[in-house]
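Across the two complexes that follow, chain A remains constant while its partner is chain B and subsequently chain C.
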Partner chain A sequence: MPTLIIDNQSVTVPEGTNVLEAAQQLGIVVPHFCYHEALGAVGACRLCAMLFIDGPVKGMQMSCMVEAKDGMVVSTEAPEAVAYRGQVIEWLMLNHPHDCPVCDEGGECQLQDMTVASGHSVRRYTGKKRTYLNQDLGPFIHHEMNRCIQCYRCVRTYQDYCGGTDYGVLGSNQRLYFGRFQDGPLESPFAGNLIDLCPTGVLTNKPYRFTSRFWDLQEAPSVCPHCSLGCATIPGARFRELQRVRSGNNPEINGCFICDRGRFGYDYVNHSDRPRTPLLHGEEIPWNEALETLLQRLTKLIECHGSDSIALLGSGRASLEANYLLQRLSEQLGSAAPVYGSHAGRDRAARAATTLPTELSASLADVRNSDLILLTGADPLAEGPMLALAIRQAVRNGGRVMICDPRPVELPCSTEYLACQPQELLQLLSALSLGETLPTKLQPLVEALQLAQRPVLIGGGDLLGAEGTTALLAAAQKLNSEDRSCLAMVLLPEANSFGAALLAADGPDFEQLLADMASGRIKALVCLEADPLTDCPDRQQLLQGLEQLDFLAVFDHLPSLIAAKADLLLPTTALAEGAGTLINNEGRMQAFAPVFSPGQPLRITSQGNHPPRSFSTTTPGALPCQAWALLAKLCDLPVDLAKIRRELATQEPRLAGLPDLLAEGSGQRIQSADKPLSQPHALITEQVDALQLLACETLYGSEVLSAHSSPLDPVRPQPYLLLHELDADRLGIAAGDLVRLSAGEIQLTLPAQLSDRMAAGVVIVPHLRRTELESFYPGQPSQPCRVEKVSAL
Partner chain B sequence: MAELLSAEEIIELKGQIAAVHEPRELIIEVLQAVQKSHGWVPDAGVKLAAELLGLSPLQVDEVATFYDKIYRSPVGRKVIHVCDSICCWTRGTELVYRHLQQVLGIVPGETTSDGCFTLLPTCCLGACDKSPAMRIGDRLYGELTVERVNTILADERQETEA
Partner chain C sequence: MNLWRDIKGTFQPFWVTLRYLFKRPVTISYPEQKRTPPPRYRARMILTRDPEGEERCVACHLCSAACPVDCISMQAAEREDGRRQAAWFRINFARCIYCGLCAEACPTMAIQMSPEYELGNRDPLKLVWEKEDLLVDHGGKDPNYHFYRHSGIGVAAPRGGNDDELPPVNIKTNLP
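Up next is the complex of A and B:
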């Protein structure tokens, strides 16, 4: 660990730190552009000059390019260094327009900051400036090339870090152009990171354009709710509207990047149909009456029909605290423990995932650092997009990726693909966990696993189910040894699926609940941010069960199908409007802080005009409450998050760290269970002849919150069906043909897409909410189906 | 648009591409082939090259637009690249450059009305010992003076008319 002196202060830094970073550790910020913590240093902008007075290097140097060494004496304030930086910033600014007031970057512009910090305040250049035509880069990013300072950060982000191939740098010297070959939407699902990474106003957020200045935004550290990875985000709100999301920085999870689903999925919070008032049979009622009614109705039903006539339903969308208090409510009422999750298969897979010992659980940082990643039944871009980016970094560092999947899993890096039937995945994992020999087709995998130093096994809960998940964890444990660790990661459906599953423990699941509802035993159902009508695969049975209810109460902030049917609707806050904790797929507890208070967005109340001129002491649409606070009241507990967390930590020893959790910081792993991992059994599967239908998550359109976000409207796919080329050939189907899909009772006509990179005999449909495909649900065993050609393209 | 590359040329290029470790190595060669048959490289040429090389059009265009000897817009029958680098500056290239513009009646980047010459500045031609220097097509000319430029232009023009 070298020790050096910068501006008369001594600092000791880890080996390999550059002098610019060392200065930052002392709180000395020297102007810089091309260096970025995630992209590294390239020494291109020439701005970070410091004077090296003593030590192995002397003279004026680019501090980002010099590794900190013992004995260095460095000055950032030497007049030569200051003058040098002043000159550099002056020529970086030569061509720059003089119009910060109309630039959307203004106020959070690194160029503004660095120009001021470098002391350049008077423009001497009076010549002509270089100007460009801008491109249409699609729905997410606005392009204004005149503002470019050629720092190359965008190219390094887009091509190197994210693996995109359709954005780059054209031309040379004075005519550099950063853009695409032709106008058109950026293809990478991580393109939104250009907004955060470009230090000037060239690449800005299109949906957010001209909405707010940075200093007018309310921001707070938060966690992305759009998949189970739990990336750090910083949402920004103004005028009672969530206006944008930028990436936070959690080195254990997402680093400085997020995916476009996470960045542009926020708009469900502003949805005009969102429930905002407590409603009893459609009539507005005050909160105290609503809560009283709820308790009265439930107690009454218990008196008449017994305590097992009440069912409580939690979810992976609700916070850990709210889900826990639901359990407290059930204890208070004397009813059965809550069911967590409206999809029994997914719930069971998540419960299996929670058994993984902490030391075997892989974070995204572990994935980035791995030398062999084995994906079995996991489609990162669909089920946890930032995992795809983490895998790419592993490959950039020389790692290898092997994919076993029935789907054509695509990643932004080179991979080795082995098409596998869904049941083959289970066989593979159970064979690995039992140390049995694998079929010859999987031999390369065995060899790779033997050679790897830091392998990570990754699976998707949807395709593996509880059985496969258990096998995956057991396989990791089997392959883990003193000499080399083998870690595991399971992708789960929702941001707090892990937390909900942890609370579910050995409790009932939704299948049992469905049976009880069908038998007419359940008289009241209380849903906590859960919508069984969109998430339960057995909709017929559910509808029958709902018919038999006397009372349906729904806590939610989404305009969900079940909310529309509720007798009592209790509007709750969205994640950004409250505080709480989520547990991500690796078992990391993460607290989120309130960004803003709920209220009908001004955009809606003023309908694009001046805000209403009538005055009132209340804020329109401000009634939604945090679910945990409502439940605390119902349980007669103090409405105090810290107390609830302390109580929960004593109840559940695995959550011991919960009371110390801060919204800032990288979260905290839960403790391992004290039970040993359960062992899978050898699997025997029967051969199937019919085509097997598999419904799968997609990048856009499957996740429920972002499915309500309008900035994502342009990128949501249209329904389609995917077939192997061989099967298509046999059935006389060409790409683009309309085909009829018959599965069970359902018949649909869809356009066909073909692939040769998938398992033959499998038919894949994307799970697209609010389309005819929404009744095909992932997390189910595949079902036999028929596909016939209807008409050619 | 006429065919950019013949079927034989495509087969030949595909063979070369298959033989290299990294297709990017051959971006210039493929673009030059297009330029040879078409005179310059239109967007369709970039797309064709991308297809042959298994790259995105942007990845090909990054290289195409970097080099000033790959023409991404139409040029005259002959392109004059006048050296615009340091040794030539010290030896009076300015006079040569100004003279060329005068006699051709065009500014840098333009093509003469008869379609014969396009005038472009270029970075060091590696002929510093003979500076000031210029290049017309594949021919290098050094030790330029106004008189020499006149003779060279006459000869070159005659050649295109022949």
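Up next is the complex of A and C:
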């Protein structure tokens, strides 16, 4: 722990810290461009110069390149250093187009800040400025190359950190150019990070283009709701509209980066069809009447048909507090415990994942530090994109990645791929957990596991199911020893799937609810931000069950199918409009703060024109309430989030840290369960000859919230079917052919894609919402299917 | 001595009043009579146009950021040719204190203060002016200034076509 003196202040920093970071710890602002906490320092911009007065190095040095050492005496304010930095910024500004008024970076531009900090104000050089032609970089990023100061941050972000290959530095000499070889959309699903990382306005947010200034935005620390990883985000809103999302910084999870699904999936909040008024049979009613009606109808049904005639359905989309209060409501009504999740298979897998002891649970930071990552049935880019980025960092640090999956799992790094049938995956995991020998095909895996010091086993709840998830956790426990830690991580479908599963404990699941609905026993269903009509795989049975209901109440903020059918619709706020807590897939509780108050966006109410020229005391579309607040009123509890959190923490000892949680922090792990992990049994599965149909998640288009976001429209994939080349040869199918897929009663015609990097005997279709592939659900056991060629390309 | 001073203090003002009784008055009977302010007088703001007759305002939000009473609001939008313009621009003159900080902040010389000072009104809503009300058809105090001719992002002139710019570089050449 070296101690050094910077500007007459003494500071002690950990070994390996550079002098620039040490100065930042003291709160000293030193201009810099090329240094970034996630990318490190390269000493290219020459802007962080300091005068080293005493110690191992002396003279003018770039502080980002000098490691802090004992006895250093450094000055940032020495006249030589100030003059040096002033000259550097002056030549960085030589070719800048001075177009800050029309630049979206204006106000949050590091170049502006550093220019002011270095004291440069007038361009003395009278020569002509260098100019460039721009490129079209796709729907997310706007390119304005004239603003570039050649700091190389974009290349280091895109190529080094994110593993993209289609963007880089071109040209030589005075003609350095940062772009693609040709115009075209950036291929990396992490390209949006260029917006945050570019210190000037070269790469700016295209959907947000010319929308607002940074200082006008309402911002608050929040959590990304688009997968179960729970990355820290900072959404920004103005004029009642969520306008952009930028990355927050949670060192335990996402670092400074987020994926494009999280960055551009926000627009569901502004959806024009979003429910905004309480509706009883399609008629608008005031809030107090709506809540009274709900309670009256439920109590009346209980009186007539008994307490098991009503069912409550929570979800992994709703906050932990709302889901808990649903439980309180069921206790108050005397009905059965709520069901959490409209997909029984996914719910069971999530419940299995909650049994993992905290000390065995891997965070993304653990994944980044791992030396062997075993992916079994997990497709990070589809099910939790930031995990793919964390895995890439592990590979950059010398780690190995082994993938056992029926799908062609692609990652932005080098991997070792072993094609496995879904049932082989389960056998592999149960063999690992029981210490049995693995088939010869998987021998490289055994050797790698023996050598690894910090292995992490990662599974996908969808493909593994509850049985596989239990086996994965048991395998991690088996491989974990005193000499080395073996951690596990399970990818879950929704942002709060873990929290919902934790509350569900041993409660009923959706299959039982479906059976009860079909038998006509259930007369009323209350859905809390859950849409069984889009998430339940057994659509037929569900529709029959819904027919038999007397009363359907829906709390939701999405224009969902179930909301359209509801007798009583109670509009709730979206995540950015309220406060609450989510528990991510590793069991980390994270609080989020309200960013803005709900309301119909001004863009929609005034149709792009100026706001109305009349005054009104009400805000259009401002009626949605936070789900937990509505439920607290229904339960006759005070509408106080802190009290609810305290109560929840006393009810559920695993959530002990909940009352102290802050939205600003990096979250807090839940406590381990006191019961030991359940042991998996040896699995015997029979070999199937027919082609098996497997539905899986995709990066864009599968997740429910981002499916309602218009900035993602241009990148949503079209329906397709993926076959192994060997199967395609056997069936006489070539890539691009139209094929007919018959599975159960469903028949579809789809274009075929071929791959040799997948398990043979498996047919893969993506789960794409609002397409004909909507009816194929991930998280289901694979089903036999037939594929026939219809016509050639 | 104090007594003398008090007597002087009592009568001197009367003397001053009496003297001015026979001079031409400095005040005028507004609003029957009106005084023409000097052309550079700084009363209510206007939105001027560039030499090509296009709106100078690029909706950069600097005026609304500088405004001490928050009376300016706007929304930027992109025109088909890439020019940034205000989709709407609103100033509430009921709140405006005519401090001129908006004109000082304006980087494109769009906002200038005009000599028009008569905004008194019985309906507060008539004091909320939109872009159409504020736009004038001249360039104001500096008619030749053209923002896009100085900041090179290829809107008014083609890329690299401004006087202080070199043509776009050829990034595929290897020559030194």
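One rule holds for everything that comes next: the second predicted complex is superposed on the first by the 793 of 793 C-alpha atoms of A that agree within 3 Å, B and C clash if a C-alpha of one lies under 4 Å from a C-alpha of the other, contacts with A are read in each partner's own complex, and residues count from 1 in each chain.
To be clear about the criterion, a contact is a pair of C-beta atoms (placed from the backbone, for glycine too) under 8 Å apart; a residue touches a chain by one contact, two chains touch by 3 or more.
Note that the structure is a prediction, hence the values are computed from the model and not measured.
K.L.:
Look at the residues of chain A and decide whether chain B or chain C touches more of them.
P.N.:
In the superposed model, C touches more residues of chain A.
K.L.:
Quick check on the superposed pair: does A:Val715 touch chain B, chain C, both, or neither? Answer first, second, both or neither.
P.N.:
The answer is neither, since A:Val715 touches no partner chain.
K.L.:
Mind working out whether A:Gly168 is in touch with chain B, chain C, both or neither, as first, second, both or neither?
P.N.:
In the superposition, A:Gly168 touches chain B alone.
K.L.:
Is A:Gln182 in contact with chain B, with chain C, with both, or with neither (first, second, both, neither)?
P.N.:
first
K.L.:
One more residue to check, A:Lys128. First (chain B), second (chain C), both or neither?
P.N.:
Touch partner of A:Lys128: chain C, not chain B.
K.L.:
Intersection of chain A residues contacting chain B with those contacting chain C?
P.N.:
170-172, 177
K.L.:
Okay, in this complex, where on chain C does chain A touch?
P.N.:
58-62, 64-65, 73, 75-78, 84, 87-90, 107-108, 125, 128, 130-131, 147, 150-155, 159-160, 164-174, 176
K.L.:
Which positions of chain B touch chain A when the two form their complex?
P.N.:
By the definition above, chain B touches chain A via 43, 46, 55-59, 61-62, 65-68.
K.L.:
Help me check something: in the complex, which residues belonging to chain A touch chain C?
P.N.:
Touch list, chain A to chain C: 97-102, 106-107, 128-134, 144, 146, 170-175, 177, 209-213, 215-216, 239, 608-611, 613-615.
K.L.:
Which stretch or stretches of chain A touch chain B in the complex?
P.N.:
165-172, 177, 180-182
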